[in-house]
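First chain A sits with chain B, and in the next complex the same chain sits with chain C.
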Partner chain A sequence: MTPSNTRQATNALLFLGPACLFLVCLLLIPIIVDLVVAFTDMSQTVRVGEFTTDQFGKLVKANPEALLGFELRGSFYRALSLSAVYVVCTLAIFNVTFALILALTTTALPDWLGGLYRAIWLMPRMAPSVVYGLLWLWVVDPTDRGLLNQILLAFGLDPINMKLDAPVTLIVFANGFIGASLGMLILTSSIRSIPQHLFYAARADGAGSLSITRHIVLPALRWPLSYITVFQSLSLLVSFEYIFLIMGPARSTMTMSMLAYTKTLAPGIGSGQYAYGAAITLILIGIGMVSALLLYRLTNMKRLLTRPRIEVQ
Partner chain B sequence: MAEVELRNLRKDWDTATAVDDVSIKIENGEFLAILGPSGCGKSTTLFMLAGVYLPTSGDIMFDGARVNDVEARLRNVGIVFQSYALYPNMSVLQNILFPTRFQKTDDAQARAHEMAELVQITDLLGRRPSELSGGQQQRVALARALIKRPNLLLLDEPLSNLDATLRLSMRAEIRRITRELGVTTILVTHDQLEATTMADRVMCMNKGRIEQVGSAADLYLRPDTLFVAGFIGSPPINLIPPDRDVLSLPDRCHTLGLRPEALRVSEVGMPATVLSVEPMGREAMMTVDTPLGDLRFIEATAQPKYRPRDLLRLTFDNADTILFDAKGQRIPEAHATLKETAYA
Partner chain C sequence: MFRFILGDSMKRTLSAVAAVLMTSTAFTALSFTAPAFAETVTIDLWSRADRSGPLRAGNIVSAAEQLNRVFAAAGSDTRVGINLIETNAAGFDADALDLLKAHSVGETPDIAIAAHEWIGSFVEAGFAANLEEHITANAAMYADMIPELWTSVMYKGERYGIPQDSEIRMFFVNNDILRAAGYDQAYIDALPGKVETGEFTMFDWCDLAADTVTKGAAKIGWVHRPNVGPDFQMAMASFGIDIYNDDEAKLQITKQGLTDYYGWLKYCVDNGSLPADMTTYSWDSTHAAFRGGDAMGKFHGIWNVGAQMDSFGLSNEKEYFDKLTWIHAPAGKKGGAPKNLSHPVVYVVGDTENKDLAALLVAMASQHVPNTAHAVGTNHTPIMYGQTAMPEFIEKGWALIAGTPMLKYAEFMPNHAKIGQYNAITYTGIQAVETGEMSPQEAAEMVIEELEIELGDDVIILD
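== the complex of A and B ==
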């Protein structure tokens, strides 16, 4: 090896080292540990007695008549379908659609008003999670102290108990209201980066506001929308803090990530089943990888990542 | 096609006036160039014509009808931008067809192909704008602007992003196309060559006001103001405070204008010392020290005969001198004559 080659290698190591270390320590090692623990009987004593597939037995049971030779047990099936409903609804209604509406409307407003409006939507992000969770608890309080019920009563309607009657709607709303702001920011900056001349040209070509949105703005948002979809669906899949803060370990909102958390780390509610939690997490990692790859293909992200999207004119 | 008239047009921004009392009438089918330095209000005028900006006061008339309050999309104006502003997500054909979405047209496809033929891009219709060269994008933008048979075609610095050779051919090309269609055209440019070669009339603007409207020759030979004299012509005109010991001229003359090519070497004339020689290809520009001051002088030769510190004698035709008063207005029919004392 020549000295210059050595120097290049050292430079590369210095440059990429911290990032690699970060990835290995916080991503790769935990996954490996999770993989190993999932096949043990580790529980509160944090000791490995034997290597076993028992944990997966708690989630699925063999059934020769089923399509894949096994069927999901009740609680696991519930968690899976709840996760799916929660992720798809939050993503479709808030993180993408509502974020798009926010971005489109606030960029059409005068600058100061649009900025103010966006700042209001960003506020939940600035507040600590616990404060945000507490606010929601106050909003949906089942007594007449709750904000929602005060409004309903003012309109002469009956008070409701969202936590009991519409728990999934509640967690979708709570996560959506905070999640929409990220998409809003990304989409706003994408709309802002469309050259002003394109709008002038479209106006002169005879296009009205709706046509401009459809033919000029939306096509320019294709890549940011793909990015938001992939990124947000993954983060929703593993997020549980607002669900836990608002609903606690309620069965009605026991998504996959909530299940993994309550079985392992949540104090005083049947936690300490580390191997069981690891098995659930392992499945969650698998689902995350598969859905990331699927979305990657579906949205043609490869093109976004390999070719510059900026057109120099 | 339309006759366009601006009446006392004015545009104020928060801090400045961009266009100040502009009035002009553009005949049906005429090609007008608005020429001026950046910030002179020429683009603002264009955008007011397009309906992108609203005038602060004054009227915009198309064929005698006031269109101030008519939305851009209803004015039937075609516009070509410096950046071409093609829609990046659409093919060339879709770009050209875009305006027909908003107009009742039965033969949109046929017309698009007709336009493509006119601007000679028939073999590019399936491509995306990002796959085209600057000149090709320019042609697409032109076809898109023309497909709806606009009342008025607006060109905003359309050639600035092209290289020199391409600019030359596009200049002729745009001229040919607008003539063929007989469309009223307004070109905004800071390039005097573009304005004078393409337009029937040139409107020269400075600081939001019209300095002069006229043919290329009017602006060059009879500039109304000091600004026009200085802005038109390359290398620029010599503008000198007249020395009355060596020149006889009217009392109110404040500045003497003398084009570099008006000077010529002669047996009898004022003495001049060559300070510098800059070969420019077809000709050479020299700076010479004379009794009138330092002057730019063009020697029409590719092989300069003179070198710095050479001595020669220069003269000019009195008719070639342009005189301006203290306000910078040209004094009509007045010329300067070199006195005998200058020959010493």
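== the complex of A and C ==
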């Protein structure tokens, strides 16, 4: 090996080594463990007695009339449906659309005012999850002690109980308000990176605000929006902490990630079924991978990641 | 289903790898070791850090000190040291799972303090030692034990633990709300008797609570616990659901009983006595509803007495029973038997080389004086009959003395490894019915399907 090759190898090890180690320890090994545990009978103790596909059998039930001879079990089907509704709604309403509105409006405001609004929207991110969860519990408290009901009562309206009557809306709002801030930051920075002369030229040509947004800003946000969509979809698919903090193990918000958590590690609600939880998680990983590939294809992320045709010296 | 059996070495390897990766719950270990003597036998004591019951572990430490004084008096160099492994688990269930994980990687404690229903899991995992011989050999130390409590430590007909404390769970009634709704003192005084004879049923309970709401005396009729837990078992028992088959050591359920039970909950929601969103309440809101004087009734445990005294500003037994009445869970049908529930915490002795010594320390810690110090300090009913005659108990434990006769109707959770799953699944039926998502029949069918799939051969469907 020449000194040059050695140096290259050392550099590669120095620069990529920590990231590779991180990926292997925190991503690859847990997936392999999950894969192995899902095909065992591990529960309560961490002993493995046998390899079996029993855990996956718990997710379906025999039905001779079904196409494949079985159908999804009620609770599993419900968890899949709730996960889909939760992810799509949070993503569509808040993490993309609302984030875009926030970015557009706060960049249109004077710098100090836009900065202030963005700082306010970032506050939930800065608060510990438990504090954020507790604040939501206070907001939606079904009695007239709840902030939401205090506001409704002040306007002469009847109090509402979101935890009972609109539980999915509640978790979409709670996750959306905190999730929108990430998109807002990325999109704001993208808008800021658009060369100012384009705006001046558009104005000189007589373009209005809407035209500028449509023909200059939105095209520049295509890649950030694609990234946010892919990243946040995967993030929402596995998120459960705010659902658990606000709703507890309620049937009405038992998404796939909540189901996996309550069957394995959540205290006092029938947990300790490690292999069963691992099987659910494995399916979740599969759904995540398929969703990521699909979104990658749909948003043409490949083009974003290709080397630019012109290299700027 | 496809399966193949693993070899022992493979099992050990997989278990070790899984344990290292999965045991994420931190625990702290505090050591109380005796000074270095010629021979020190260290007993590992596993206890959840629970401020509401510090003497559960403390009494074992005191017993070891007492034993060391005996050794010293006998001129022996042997000493007993206690290594207290104090965990920070959120509850007894989480703690039991941590304990099982520790045991499965060879960290088996000599004594563990646990909720009794985990005994089945402990025995199946090879952790809990059979204490029949120990109890027979030391009969005098256990002769005064309240016999019903032994049920709580039985697994397949044999005893694998020693009751550490006891409690009674019942329905609390706010007398002032009843008075405000127009019920006279004679009605209030007669209520416990009507429950005992089966004249006052679960449906009467809901009607009474709804009536207090209708008349404006209460904002809420009654509240139950807002999460999975043992309290529901007494209500299920009132509807004839016997959840354990002793002969086969399996859990069981009846579809009809479950439909009746869920039907009763629906009745209570529909008549306005039970909040439809009860299962989304926090514990704080649940306690506040009753202790704040908003709810006519609540079912929970006797240890609430202290907090109730503080909340209602009561100072003695007379004031307490003027304000509140205790009743068993009424029968489901007229003429039926009432039920209640006791949920003892127990000492479990690990199947280790020190198990004989550990069992003796447990026997010493379970005697009248140390146990009374715990019971009176934490509002738990006694484990020995004689404790109720002790001056300390008479002076400070009046509520516990009043609750002890209720143990006659006590049910215990089965010591089955899958009782936690069973309770979690039946609770989903409660959620579904109370929130109006399902009818009682649909919920019963859903729960039975879940029980069959998740518990398999461990549950018997009776009809």
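One rule holds in what follows: the second predicted complex is superposed on the first by the 290 of 313 C-alpha atoms of A that agree within 3 Å, B and C clash if a C-alpha of one lies under 4 Å from a C-alpha of the other, contacts with A are read in each partner's own complex, and residues count from 1 in each chain.
One rule holds in what follows: a residue touches a chain if its C-beta (ideal position, glycine included) is under 8 Å from a C-beta of that chain, and two chains touch if they have at least 3 such contacts.
Computed from a predicted model, the values in this text were never measured in an experiment.
*Asks:* Fit or clash for chain B plus chain C once both are placed on chain A?
*Replies:* On the superposed model, which is not a single observed complex, chain B and chain C fit side by side.
*Asks:* Return first, second, both or neither, reflecting whether A:Leu198 touches chain B, chain C, both chains, or no partner chain.
*Replies:* So A:Leu198 only meets chain B here.
*Asks:* Quick one: is A:Ile171 in contact with chain B, with chain C, with both, or with neither? Answer first, second, both or neither.
*Replies:* In the superposed model, A:Ile171 contacts neither chain B nor chain C.
*Asks:* Please compute the chain B to chain A to chain C angle from C-alpha centroids in the superposed arrangement, rounded to the nearest 10 degrees.
*Replies:* It works out to roughly 150 degrees.
*Asks:* Quick one: chain B or chain C, who's touching more of chain A?
*Replies:* Tallying touched residues of chain A, the top partner is C.
*Asks:* May I ask you to decide whether A:Met42 touches chain B, chain C, both, or neither, giving the answer as first, second, both or neither?
*Replies:* In the superposition, A:Met42 touches chain C alone.
*Asks:* Contact-wise, after the overlay, does A:Gly272 reach chain B, chain C, both or neither (first, second, both, neither)?
*Replies:* The second partner, chain C, only.
*Asks:* Where does A:Ile186 make contact in the superposed view: on chain B (first), on chain C (second), on both, or on neither?
*Replies:* A:Ile186: touches no partner chain.
*Asks:* Classify the contacts of A:Pro30 with the two partner chains as first (chain B alone), second (chain C alone), both, or neither.
*Replies:* After superposing on A, A:Pro30 lies in contact with chain C but is clear of chain B.
*Asks:* With both complexes overlaid on chain A, does A:Gly206 touch chain B (first), chain C (second), both or neither?
*Replies:* first
*Asks:* Superposed on chain A, how close does chain B come to chain C by Cα atoms? Whole Å, please.
*Replies:* Taking the overlay as described at the top, chain B lies 50 Å from chain C at its nearest C-alpha.
*Asks:* Please identify the positions on chain A that touch both chain B and chain C, taking each partner from its own complex.
*Replies:* none
*Asks:* What does chain C use to touch chain A in their complex?
*Replies:* For chain C paired with chain A, touching residues are 1-6, 10-11, 14-15, 17-19, 21-23, 89-91, 93-94, 97, 100-101, 103-105, 121, 125, 226-229, 276-277, 279-280, 282, 285, 417, 420-425, 427-428, 431-432, 435, 437, 446, 449-450, 453-454.
*Asks:* In the complex, go through chain A and note every residue touching chain B.
*Replies:* Residue list for chain A touching chain B: 195, 197-198, 200-208, 211, 215-216, 219-220, 222, 311, 313.
*Asks:* Touching chain A in the complex: which residues of chain B?
*Replies:* 47, 50-52, 71-79, 81, 83-85, 87-90, 98-99, 101-103, 129-130, 137, 144-145, 148, 154, 161
*Asks:* Under the touch definition given earlier, write down the residues of chain A that touch chain C in their complex.
*Replies:* Listed in rising order, the residues are 29-30, 33, 36-37, 40, 42, 44-54, 57-58, 61, 73-75, 137, 141-143, 161, 163-164, 167, 247-252, 262, 267-274, 276.
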